[in-house]
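Naming follows writing order (A, B, C and D), and every chain is counted from residue 1.
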Amino acid sequence: MRKPAMTVAELDRFLEKEFPQFYHRGSGVAIEDAWFHGCRVRQAYRETFIRPGGTISGPTMMALADFTMYVAVLASIGPVPLAVTTNFNVNFLRRPAQRDLIAEAKLMKLGKRLAVGEVAICSEGHEDPVAHVTSTYSIPARHLP
Amino acid sequence: MRKPAMTVAELDRFLEKEFPQFYHRGSGVAIEDAWFHGCRVRQAYRETFIRPGGTISGPTMMALADFTMYVAVLASIGPVPLAVTTNFNVNFLRRPAQRDLIAEAKLMKLGKRLAVGEVAICSEGHEDPVAHVTSTYSIPARHLP
Amino acid sequence: MRKPAMTVAELDRFLEKEFPQFYHRGSGVAIEDAWFHGCRVRQAYRETFIRPGGTISGPTMMALADFTMYVAVLASIGPVPLAVTTNFNVNFLRRPAQRDLIAEAKLMKLGKRLAVGEVAICSEGHEDPVAHVTSTYSIPARHLP
Amino acid sequence: MRKPAMTVAELDRFLEKEFPQFYHRGSGVAIEDAWFHGCRVRQAYRETFIRPGGTISGPTMMALADFTMYVAVLASIGPVPLAVTTNFNVNFLRRPAQRDLIAEAKLMKLGKRLAVGEVAICSEGHEDPVAHVTSTYSIPARHLP
C-alpha cells in the first residue's frame, strides 16, 4: 500500500492557507482520513444548509464533494494549488437526514493530465448514499505525479 | 409565445419566502428575466467567491446553475416548493473573470415527472461561457404541468 | 440477502425475445451472474470493435454498460420491457486491452420511478476499470417494485 | 467566420480510411455539413435500431453523438486520428420517431488539451431534440490547434 503524498496534518495546513474561504474552523468541514487515491471528509450539520422540505441543499453536497475530490488529488500527488475541476456529475439519490454528512472519495484514474474519481456522500450513521459524484480534475503540467 | 407561469415579481416573493438562506438581499443573486421554459439570473461578484489562482470557485457556479434551473422550472409550471434536482452535470470551460456571473437556463424537456434543461454561465460582458450545465429536476406528482 | 427477481436463465429467455437485435448468440454478450441490485455481463472481443490506435471503441463500451444496467434493473424488479434510460454519464479511464470486456453493475437507488446505478467495465484479467458509468433508468408506473 | 480545418469531402476520405467499421456506405451515416466548431451528421433509419416499444435504441444515438463530436473536432483542428473521448453525458428527452436522426454538434471550448462540446439529436422534421449530449475529447499533445 503506497503512502499518501500528504498527511491529514499537512493537508490541513495547506488548505487553511490556500482555501481560507471554504476551509476554516467555522465551516464545519474536517478531513478525517486520507490515503493514496482517496480520503474521507466530514461536513458538520448546519441549519443554514436546509432547504424547503427539511432536506440539506444540493449545492451544500456539491461543494463538499468537489472539496473531497480535491483533497483526494492532493493526498495522491502532493500540494497542487492550481488543479481545477473540469467535469462534475452528481446523482442525488435520497433525502439526507438532518445530520453530519460523510464524503468518501476514491480516484479511479490518476493520469498525467487528468484525475478521475468518484465520491459517495452518506448521512452519518446511514449506509445508503444520499449522493454520488464522478468528477475530473485537470492537473497542471508541472505537477505531474 | 406562451406566457410564463410566474412573473419575476412573483418568483421573487416565492423564493424570498421559500429559500431565505440562498435568496435574500445580501446574496447578490437577482432574477433578471423569466419566460416559459427559461430565465436569466445574475450573481453579483464577491471577493469571497475567489479561490487560488484568482478564479471564482466551482461550487459558486454550481449553486448559481442549480438555482437558475429551479427558477426556470418555476417559471414554466408555477410554484412547486418540493421539486428536487436528481442529476446535475457541469463542464467548466474557462476561467471566469472577477466580475458578475450571468446564468441563462433553457428547458429542453418539461415532462410529467421530469424537467431537463441546460444552463450556460458567462462572465458579464463576455460571450464565451465559463461553465455549461445540464440538469434534471423531479417534479412532485401533484404539481404536473 | 434478497433473491434476484429473475435468474440468469429467465433473463436470457426474456432478453432473447425482447432484444433480439442486441442479445443473440452472434453478439458475444453473455450474462454471467445476476443478483438483487446488480449483475455481471461479458462482451466477447471482436475485431470489429477496434478503432484507430488499436483500442475498443467508446460506443461498444457504452452499449455494453447500458445493457448491463438494464439487466441489473430487470434482476431487481422483474421483467419490464419499457424501462428507458434517461441519463447516462461515462468516463473513459484507460485504453482497453484487445480482450473480452467484463461489465459489473450495482444499483445505488431503486426508487418508485427511477433506478440509479453505476457500471464498471474492465478488460478481462485486469483490475483497473477502462470505463465507469453512472446512469438512470425510468421505471414505468405500472411496474413499481 | 473562420474556415473549417477540413471540408466535408476531406472528412469523408479521412473517416472512410480511419473508421471503416463505423463509417462506410452501408452504415447510413453521412456528414451533411461541417464548419469551424461544429457539424451536422445524418443517420439513416434502420429497422435494426429498434428496441421494445418501437423506439430507436439509446446506444444507436450515443454512437451517433460520439461520432458527430469527433467530426466537429476534426473540422476544427484537422486530421487527428488519436483524439479520444474522456467524458460523455447524455440525456434522453423524448421518444424518437421511426425516421432518420439528425445530429448537430457545437464545440463550446477548443483548448490545448481538451475540446468540450454539445450535440443535439433530432428526428428528421421534428424540432424538439430526442437526446442532448455534452462530451469532452482529449487532444494528443502533438496536434494542438
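Note that contacts are C-beta pairs under 8 Å (C-beta built on N, C-alpha and C of every residue); 3 or more make two chains touch, one makes a residue touch a chain.
Source: prediction; values computed, not measured.
> Using C-alpha centroids, which chain lies at the maximum separation from chain D?
Taking each chain's C-alpha mean as its centre, the farthest from chain D is A.
> Identify, among A-C, C-D or A-D, the interface equivalent of B-C, where equivalent means over half of the contact pairs coincide by residue number.
Over half of the B-C contact pairs recur in A-D.
> Rounded to a whole Å, what is the gap between the Cα centroids of chain B and chain D?
29
> What whole-number Å value describes the gap between the mean CA coordinates of chain A and chain D?
Comparing mean C-alpha positions, chain D is 34 Å from chain A.
> Roughly how far is chain A from chain B, going centre to centre by Cα mean, in whole Å?
Roughly 23 Å, centre to centre.
> In chain C, what residues contact two or more other chains?
Each of 86-87, 89, 91, 136 in chain C touches at least two other chains.
> For the complex, give me every residue of chain A touching chain B.
18-19, 21-22, 48-53, 55, 57-59, 62-63, 66-67, 81-82, 84-92
> Write out the stretch or stretches of chain D touching chain B in their complex.
Residue list for chain D touching chain B: 87, 89, 91, 93-94, 108-109, 116, 118, 128-129, 132, 134, 136.
> Of all residues in chain C, which touch chain B in the complex?
It is residues 86-87, 89, 113-114, 136, 138 of chain C that touch chain B.
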